[in-house]
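Report on the following structure.
Order of writing sets the labels: A, B, C and D. Residues in every chain begin at 1.
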Amino acid sequence: MFNEYNPLKKTIFQIIDDNGKVINKAWMPDISDDRLIKAYKDMLFARTADLQIVSYQRQGRIYTYPPNYGQEAISGATGAIIGENDWMVPAFREMGAMLAKGVTLKELFLYYMGYEDGSKFKNAKFTLPISVPIASQLLHAAGIGYAVKYNKEQKVVFGFVGDGGTSEGDFHEAVNFAGVWKVPVIFIIQNNQYGISTPTRVQTASDSLAIKSVAYGVKGIKVDGNDFFAMYKAIQESVKVCLEGEGPVLIEALTYRKGAHTTSDDPTKYRTREEEEAWDIKDPLKRLKGYLKSKKLWSDAEEEKIIPQFKEEIDRQFIEAENYGPYPKEDVFKYLYAEMPDDLKEQEQQYERFLQWKAAKVK
Amino acid sequence: MFNEYNPLKKTIFQIIDDNGKVINKAWMPDISDDRLIKAYKDMLFARTADLQIVSYQRQGRIYTYPPNYGQEAISGATGAIIGENDWMVPAFREMGAMLAKGVTLKELFLYYMGYEDGSKFKNAKFTLPISVPIASQLLHAAGIGYAVKYNKEQKVVFGFVGDGGTSEGDFHEAVNFAGVWKVPVIFIIQNNQYGISTPTRVQTASDSLAIKSVAYGVKGIKVDGNDFFAMYKAIQESVKVCLEGEGPVLIEALTYRKGAHTTSDDPTKYRTREEEEAWDIKDPLKRLKGYLKSKKLWSDAEEEKIIPQFKEEIDRQFIEAENYGPYPKEDVFKYLYAEMPDDLKEQEQQYERFLQWKAAKVK
Amino acid sequence: MVNAINDALDIKLGEDKNVVVYGEDVGVEGGVFRVTEGLQQKYGVERVFDSPLAESGLVGTAVGMAVAGLRPVIEMQFCGFIYPGFNQIISHASRMRNRSRGLYETPIVIRMPYGGGINALEHHSESMEAIFGHIPGLKVVAPSTPHDAKGMLISAIESNDTILFMEPKRIYRAIKQEVAEGKFTIPLGKANVVSQGTDVTIVAFGAMIREVQKAIVMAKEGGISVELIDLRSIYPIDRETIAKSVKKTGRIITVTEGPRSFGLGSEISQIAIEEAFLHLEAPPARVSGFDTIVPLPRGEHHYMQDPYKILYEIERIVKY
Amino acid sequence: MVNAINDALDIKLGEDKNVVVYGEDVGVEGGVFRVTEGLQQKYGVERVFDSPLAESGLVGTAVGMAVAGLRPVIEMQFCGFIYPGFNQIISHASRMRNRSRGLYETPIVIRMPYGGGINALEHHSESMEAIFGHIPGLKVVAPSTPHDAKGMLISAIESNDTILFMEPKRIYRAIKQEVAEGKFTIPLGKANVVSQGTDVTIVAFGAMIREVQKAIVMAKEGGISVELIDLRSIYPIDRETIAKSVKKTGRIITVTEGPRSFGLGSEISQIAIEEAFLHLEAPPARVSGFDTIVPLPRGEHHYMQDPYKILYEIERIVKY
């Protein structure tokens, strides 16, 4: 596949068309109906949650949030493949993949409500917290890749970044280190065509983002990121490459951020209604649903039935998060060092003395 | 040329063979005998100086110095082309090109003797000081390129870096910015195959360094950096590209550092005698001299005559530098800000008071 | 303050063709805080533009532009994202003149919203002025009012030094103030005595000024008279103004948002003891963040300086 | 000291398979200062290896390795080249535990030769401990003898925190000292009282200890008795040891190589006034670099702390 779809050929790897019809049978992945339906449901769940979070945010019940809306196939395909013991190194727009690893919505809610506790994943093994400084996390993925190889583990590391992130020096250093070390890392660029308001053509003059793999001597491929099957197949093949010791791989997943950059952003300032509509046609859920319906694996009726259940579950977890309670002052100090230095202990005590004084003062 | 020698083809651009015989007539540059002889003499001067500096260093008359030995064709070709008003953004192994811009040996000596004054070039216009933090200077080249384009000047910016430097994030960001901005910068990678002791294969898994141009959508070419004619032609064509507004260009110049990394380095620790001997055959001066002799433009007799003159001139400038005198204490403080802040003035005065006290104390 | 900064940029773009403004999303979008709104439309994409997402690239290209005669004003989107550009700041922007013995200068302004109190994600709420104040060759300034923001930014753009211009984003839109139209400048390096007092001197800058003012009102009720110095410039520091005040009051507190150790507070205390040791009636004190990461929003109140924290320290030091 | 560090690495590589050592030229070459000499031969290229030339890459990959259970010890070739890795240090290495509420730790040691006095090029002579001391979540330590270097480095490798291990390259080979064989540790965070005295306390670390000792000898001739504290740990600082000493002597001077403003000196002075204000007989003072770039070798003597600069300050403060 990495020969056929060598990014130098400037092709894009696709399996289904805008309606979900298979147009590239040769590469259709082998995936059971059950798993396929599960994957669709997971994507639908992620989307439902995503839209709901935006409305929570509007109600002022959560802080800034970066929607995944329109990009669900990338996380969906990753989630369908990533193993319990594989490593997940997210940027911040990979909700579906994180849920698949075992991160709970409640944890994500806590995070966006402003609790670090939301980054202490109770069930998700080998999953790093959300990383805010763009592209920096890819170096962690490369380093984890080194550890995996060093320990001769049969594991793959997934490292995510956005199109904008490819401009950062850390992107370069990460893929380059991984290439030199030949470590099992799958770098996935979610090319949603914007970094906040900045279009990809302002990020780079290269023909594609996948083509940057050439600069590091690693395998690369440009994939239709709204095509669940193409993403699934590309990741599956990448896992194989990694497990055979031939990694890393760089995947550019072309997609579109249907929502705002974050809830504080207004995309009408920098893109047109026409553009948005053109991408509506390529919506990843719509396309997968088209396929499923054609195979009678899914129906609008089922969808209508399941969405309210999803909403209820989302709400339940949201309310749990909302009732999480106050942020104990110890938590500000406790996690900086393996053992708290005296100085920090003293600062905590000073703060305690202040709080007592204040309580007496304002009562 | 950038099509014919597209780095994806994995070819290397060469014009003369190891003995100076033209093997690629089609691309032979048009250059007058006079200029050619001048270029050779400049390279010979640079080499003579270089060897002499190493011996000054051994005598303890100068601090650490990074020899250019073996890489003279790259600076030689640059120097033969770079205009008075073009910008030169060096790394630290481009003596010939700096001399061509009008930097004096004396200035370079002062620098390596430990005077910042050696970076205040009196005659060389548009030439930045030597840059020590690897690859960081390439961003300056990109920014200067922006200014040149903004001011609609007919100028080219030369930015140098080593093979090791291509691993730094700044290399990536610089070529990428220049690509997006389409600015007239010629990035020249002096691939001397080592970064101190580290061979290029530890720096990157890519097929070549020139191929990295693909990642930035800019023109690139891999050139035999020990072949004066190939370097000359490649730079000439790159200048054209830049002046036509189609820049930047990334040139990988393959060469070999015949000397040590710096005078504190011992290359026998990390490379073999055989390897060094194999590269002796490709020595850039030897090859150009082979060509010149075959055209009767140069002779060993002339060389024997001129070298002592060079040595005398080098020595003269060296001794001038040696007699430069003490480093005035004002110079520590004077150049930090356009106007010296009170605080710094006070620090200088405190220091003066200390010096007076000490003079009284130790006498 | 957002408008005042925009106004300053507008004035300098208008009168000096060498001024260019760029950064992540500063062009079409007008910046995530709308500070550069409308400038691209007015001055064109060559003078006001979006850059690739790379902070080392931002600072490094600005160094290049500046040595070539432009006067770049670049924006770091948030305080926590300046660090990829740290090497270019400490190794080049702050050094080029010294390195080249005056041959090249780097008149660069690095604008950067900083500080907490806006319920932001990690890395969006930091105040690391002390790190930058320690870099020789760099100037670090921060306004506390729209008026100062305008006058100081114009001065910064006209300066031939590299200046880190820290903007207290918490009060970007919080302070309503008439700002004089047209061009005026406020000299960098001079502190501003915001209010006179006799019992204790407080030194602060940026968003903390407002918090201190609230504390001053409360202190006054308790009969304590506070002199407030708005530092304005973190490096160089106006020693003279601090010295004069502390000699009068005999007590000094520095209020900052950053981590405590190696922070601005220690530096101000050092100045106080060097300049006025024999006048001191209590040890110079600091109200600051803890030596911890700024907590996410739900924990931020623990970390931030509210007026009570300041009042607590005022009372403590006066009773000393 | 070079041998002692090599020995510490050797011991930890020998006993813990999770320890890996990498950096620019640390493998085949054994490091530009030969600190890692012989280790690749002994432990193989998977455990001791050359990395690509990229400091952000160095720190960033170490963060990844560490969360995955390794204990990377990386080398910055010179102090002036750590800055490209600054973002990874301040945004990740020092924060991962706090961010993940203890789920992930980053036991990383960043070794870095620092300081002046070796006639080096620009960027090779800096001492910027204050910048790193201000980063919450990071520990910063520096030995002043071969013995300390060995014991402290072993402690650092065994610590689950990220530690910046600053090596005074000026005395890499200058101090001859028998170092105990085999494994021993020196706890991080504790200062060492090198010599007792009654008139003035001097706080210093690393290569400055030796300079202070020379000054102490001269001071003694003038009848002044100096107590010398080797800080060993720049963050966290051992307040207790400082407090105890300054309460006894009533005078304190900090001697450092870095720039003055926002430097270690101010922090130590602050601690002295917080802990011992009423015992102070003179204002806490600092002998430091200027607020300038370290000059190239011919000018470096102006900048550096020689024993006379220290003696000058001792005499000044004692006469205060």
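Quick note on the criterion: contacts are C-beta pairs under 8 Å (C-beta built on N, C-alpha and C of every residue); 3 or more make two chains touch, one makes a residue touch a chain.
Keep in mind that what you see is a predicted model, and the values were worked out from it rather than measured.
Undergrad: Which chain's centre, taken as the mean of its Cα atoms, is farthest from the centre of chain D?
TA: So the farthest one, by centre of C-alpha atoms, is A.
Undergrad: I'd like to verify one number: the distance from the centre of chain B to the centre of chain C, where each centre is the average of its C-alpha atoms, in whole angstrom.
TA: 40
Undergrad: Take the average of all CA coordinates in chain B, do the same for chain D, and state the distance between these two points in whole angstrom.
TA: Distance between chain centres, rounded to whole Å: 35 Å.
Undergrad: How many angstrom lie between the CA centroids of chain C and chain D, rounded to a whole number?
TA: That pair's centroid distance is 30 Å.
Undergrad: Provide the list of chain A residues touching at least two other chains, using ranges where the numbers run on.
TA: 116, 133, 136, 167-170, 173, 176, 180, 202-204, 331, 336, 343-344
Undergrad: Note the residues in chain C that touch 2 or more other chains, in rising order.
TA: Chain C, residues with two or more chain partners: 51-52, 54, 56-57, 80, 83-84, 87, 91, 98-99, 122-123, 136-137, 237, 261, 290-293.
Undergrad: With chains as vertices joined when they touch, what's the shape: line, ring, star, complete or other?
TA: If you draw each chain as a dot and join those that touch, every dot ends up joined to every other.
Undergrad: Help me check something: in the complex, which residues belonging to chain A touch chain D?
TA: Its residues touching chain D are 87, 89, 116-117, 119-121, 128-129, 131, 133, 136, 138-148, 150-151, 169-170, 173-174, 176-177, 180, 331, 334-338, 341-344, 346.
Undergrad: In their shared complex, at which residues does chain D touch chain A?
TA: 20, 46, 51-52, 54, 56-57, 59-70, 72, 84, 87-88, 91-92, 97-105, 136-137, 139, 159-161, 189, 236-237, 239-240
Undergrad: Which chain A residues qualify as touching chain C in the complex?
TA: Chain A reaches chain C through residues 63-64, 111, 113-116, 132-134, 136, 164-165, 167-170, 195-198, 202-204, 264-265, 269-270, 326-327, 329, 331-333, 336, 343-344, 347-348, 351, 354, 357-358, 361-362.
Undergrad: Going by the contact rule set out above, which residues of chain D touch chain C in the complex?
TA: 56, 80, 83-84, 86-87, 90-91, 95, 98-99, 122-123, 128, 130-131, 133-137, 235, 237, 258-259, 261-267, 269-270, 273-274, 277, 282-286, 290-293
Undergrad: Tell me, which parts of chain B touch chain A in their complex?
TA: 8, 167-173, 176, 179-180, 182, 201-207, 211-212, 214-218
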